[in-house]
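In what comes next, chain A is part of two complexes: it sits with chain B in the first one and with chain C in the second one.
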Partner chain A sequence: MFEQYLKLTYYDIFFFLKAIWVTLWITLVSIAIGTIIGLVMGFIRNSKNKIISAIPLIYIEPLRNSPLITQLFLIYYGLPVVANIVLTAEASAIIALSLNTGAFFSVLVHNSLKAIPKMQWEAGFALGHDGVSNFRHIIAPQFIRLIIPSAITLYINQLQVSSFVSLISLIDLTKAGHILTLRTMNPFLIYGIVFVLYFVISYPLSKMAKSLEKKIAFTY
Partner chain B sequence: MALIEVKNITKAFGDLVVLRDFSVTFNQGGVTVILGPSGTGKSTLLRCINGLEAINSGDILVDGLSVKEKKNLKHIRIKCGMVFQQTVLFPHLDVLENLVMSPIKILGKPRAQAVEQAEELLNKVGLISKLHSKHNELSGGEQQRIAIARAMMMDPEALLLDEITSALDPEMSVEVLKIIEKLASDGVVMLIVTHEIPFAQRIADRILFLENGSIVADSPKDKFFSEIKDENPRIARFIKNIHH
Partner chain C sequence: MQLNFRFLLKYYPMLLKGAYKTIYISFGALILGFVLGVIVALMRQSNNKVLKTIGAIWVEFLRNTPFLVQLFFLYFGLPELGIKTDPIVTSILALGINASAPNCEVIRSGLMAIKKGLYESSYALGHSSFQIFRYVILPVSLRIAFKPLTSNFINLILTSSVVFSITVNDLMGTSKTVAAQTARPFEVFIFILFAYAIFTFILSFVAKIVDKKISITL
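So, the complex of A and B:
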C-alpha cells in the first residue's frame, strides 16, 4: 500500500540510498580536503609578515565572494575549454567543494587563532615552553575548542550546498529526487523525502555542534 | 657568579628608547623592588631578562647564559619564573592541570610528584579547595595566586613579578601580597615591579629606582627610605604622588 501510494519501488529506495551515499561521499571527502587547505591557508594568514599573510587572500576572497555554482561550472565546463582538462563530474564536484570549504575554513582558522590572546603565548614561553611545545600544549587545545562549533556549522552548510553538484549530472540526493519526481510526478512527496533525508543528516550534527559548544566553551 | 647580570643593554621600540645603556646585577638571595614612574622601562627590564623582548644591544646573562641565544631561553625561563600584570591562566585547563602541565612536559617530572607539589603550593596560597576549578570560577586575586603557584611549580631560582596587583582591587591585592611575603620569607629571590610603596617597604631588601630607562637610585631598602628619598627630589615627589 505504501509503495502504491508513493509509486516507489524497492529499486527507487535503493536509488535513494545510493544517492545519499554520493552526497555523503562528496561532502565528506571535500570537507576533509577543504579542512586541510583551510588549516594551511589559515596559518599562513596568521603570519606576522604582512605580505605573506596577505597571499592566501588571493585564493580566499574570490571563492568566498562568488556562488559555488559558478565555481563548479568553471571547473566542470570551463577547464576543458581553456586548459583541455576534462574532469569527471565527481572529480569536479570534489575539487569545487574542497576549494570552497577551504576558503571558508581558512577564515575560521584565522579568526580562532586571532581570538587567542597574545598573553597565552607569553605565559607559555615564560614557563619554558618553546614554540612547538607552546602550540601543542597551550595554543592548539584552545584553538580546537574555539574552532569546532563553527567548523561543524560550516560542514553542515557544505552538506547542503553540495546539492549543487546535481547540476553537473552527478546523481546525488537532490538529483535522485529530481529523477524520481519526473517518474512519479509527485514532487511534494519526493522532495519531501529529500528534505527529510537532508534534515536527518544535518540536524543531529547541528545539535552536536550546540552541545559541544556548551561543553567546551570558555572565556578569557 | 651573579644569578642575573644585565650588561649595558639598550632596548628600543621603534624610535622610543626604553632602556638606555642599562646595567645591573642581581645575586642569589633577596628581594629587589623596582620602582619608578610609568613607562620608565621597569616591565621591559623584566621582559628582557625573561627573553620575551629582544634587546637591541648589550647582553643579559642568567646563570651565565645569554638571553640572546635562543637555545638558552628554556633554561633561563625555568630559572626565572615570571608572573604578569594580567592574570593568564590557561582557560582550557583546571587549576591542577594549569599547575602540573608544564613541570610534566618541560621538566619531565612524574605526574604524582607534580600533583603532590601542586597540592603543597595550593595549600601555601590558600587555594587547595579550588583544585579542580576553572579560571572563570576564580576571582582576580585567586587567579593571580594560582599564577604565582604555577610559576613556583618550575622550581625557579628567581621570580619576576610584573605589577601583579595593579589590575586587582585593594582587597585582592592584599591577598596576593601576603603570598609574596610568605614566599620571600621562604628565601625565594624576587624582582618585583610594583607601585605599592608600603609593600615595598615591608618586603624589599633592595630598591631600584628607574627613570627614563636609567637607574636613578640603587640601594638597600632602609637607606632608600631613610636617606635617598629625601635627598633626591624626583624620588621624593614620586613617593609623595603614589601616596596621595
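So, the complex of A and C:
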C-alpha cells in the first residue's frame, strides 16, 4: 500500500533543487555580509593604535573558537527568550553564518595586510601619493592578490559548514537528504546523491582556488 | 528578562559529563585522524600511481563534502551493510576520517619541505629506507607540521559539537537538554560558547609554547 512512497520519484528532483537553492542562498548571502564585516574588522584590527586594534578581538576570538552550532542555537533559541527577538530559521542562519564568516575573514584580512611590507607604503608616499590613493593604487592590488586564494578556501569551508543549518529545521541540502532517507529507507542512494551535489558545487571552486593561487602568487 | 547564570551550578555535573564525552570523542578522533592522515599523506607522496590517485580522491572527497552528511552517511548507511552502529563509535570514526584530509595536507607539506640532502646523507650513513623514514623523515616533518596539526585538532573539537545530532550526549547535546529543561537557552548556550572558546584558547596557547620548543628551521 505504501510501497509507492518508498521509491524516489520525478518530483523529488524539485525537492533537491529547492534544497540546493536554500543552501546556495544562505551561503552566498552570509559570505557577502561576512566579507564586509571581515573587511571592516580586519582594517580596525590593523590600526596602529594598540587599544583600537585589540577591540575586534572581543568579537573575533569567541566566534572563531566556539562551534558554529552553538552560535546558531544561541541566536535561534536564545534570542527570543532573552530579548524577545523572534527570528525565522533562515534569518538566524544567515546572521550566525555571516558573523562566523566575518570573524574568520577578518583574520585573513589582518594577515594579508601584515604580509605587505612597510616599504610599499613608504615608497608610495615618497612617490607623492596621499593615504587614499596610496592604498587604492599600491596596497590594494597586492592585498587582493594575497587574500583571494585563502578567501576562496574559506568560502568553500563555509559552504560545507552551512549544512549545520539543517539542525535548526531549515530544509537545506543536508536536511532534504535526511528527509528523503527517512522516507525511502535507502541511505546509500540518497546520501550518495547529496555527496555528489555538494561535491559538484564545491570541487570546481577548490580547483579554481588552487590554480589562482599558482597564477597570482608573487614574492617580494 | 534578567540574565541569571546561577541555575547552571545545579546542572554542572551533567555538563561536566558531557564535556568528558566531548574530550573522549575528540581525542579518539585525533588519534584516528592522525594515523589515517599519515597513511594518506604517504600514499599521495608515493611513486605508485594507483595509490596516489586513491589518496587524492580520498582527500578531495572529504574536503568537498560536509561533515554532517558524512556523519549521517556512516550512522544510517552502515546498518544497511549489516554493521551495527554505536553513536559514539560512529562519531569517532566520522570525525577521524574527516580530520584525516586536512591532516594529510599538512603532513604532506611537512614531507615536501624536507630537502633531498637529508635523504642522501642518511643513506650515506647506512640507514635502510624504513629507518630513514622512521628516524629522520617522520620526526622532522611532524615537527614542521606540528602547528597546523594543532589548529586542525582545535577545528576537530569544534566540529565534534554536531555529533549530538546522532544522539551522542556530548557537551553540546547535554547543553541542549539543559536548555530545554530550564527554558533558559540563552544563558546555557552562551555559557557553552565561552566554555568551548576558553578550552580551545588554552589548547592553542599550550600548542604555541610546545611549538616554540620543538620547531626547527631546515
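One rule holds for everything that comes next: the second predicted complex is superposed on the first by the 214 of 220 C-alpha atoms of A that agree within 3 Å, B and C clash if a C-alpha of one lies under 4 Å from a C-alpha of the other, contacts with A are read in each partner's own complex, and residues count from 1 in each chain.
One rule holds in what follows: a residue touches a chain if its C-beta (ideal position, glycine included) is under 8 Å from a C-beta of that chain, and two chains touch if they have at least 3 such contacts.
No experiment lies behind these values; they were computed from the predicted model shown.
Touch criterion met: A:F188 reaches chain C, while chain B stays clear of it.
Of the two partner chains placed around the shared chain by superposition, neither chain B nor chain C is touched by A:V40.
Contacts of A:L79 after superposition: chain C is touched, whereas chain B is not reached. Taking chain A as the reference chain, the count of touched residues is higher for C when chain B and chain C are set side by side.
Legend: residue contacts after superposition of the two complexes on their common chain; A:T70 is shown touching chain C, with no touch to chain B. Contacts of A:L87 after superposition: neither chain B nor chain C is touched.
Looking at the shared chain after the overlay, A:I138 reaches chain B, while chain C stays out of its contact range.
Touch criterion met: A:V161 reaches chain C, while chain B stays clear of it.
When the shared chain is aligned, no partner comes close enough to touch A:I171: not chain B, not chain C. In the superposition on chain A, contact of A:L28 is made with neither chain B nor chain C.
Within the complex formed with chain A, the residues of chain C that make contact are 1, 3, 60-61, 63-69, 72-73, 76-77, 80, 154, 158-159, 161-162, 165, 172, 175-176, 179, 183-187, 189-190, 192-194, 196-197, 200-201, 204. By the touch criterion stated above, chain A contacts chain B in their complex at residues 117, 119-120, 122-130, 133, 137-138, 141-142, 145, 218-220.
For chain B in complex with chain A, the touching residues are 50-52, 73-74, 77-78, 81-82, 84, 86, 88, 90-92, 101-102, 105-107, 134, 136, 147, 150-151, 154. Residues 61-62, 65-71, 73-74, 77-79, 81-84, 156, 159-164, 166-167, 174, 177-178, 181, 187-188, 191, 194-195, 198-199, 202-203, 206 of chain A touch chain C in their complex.
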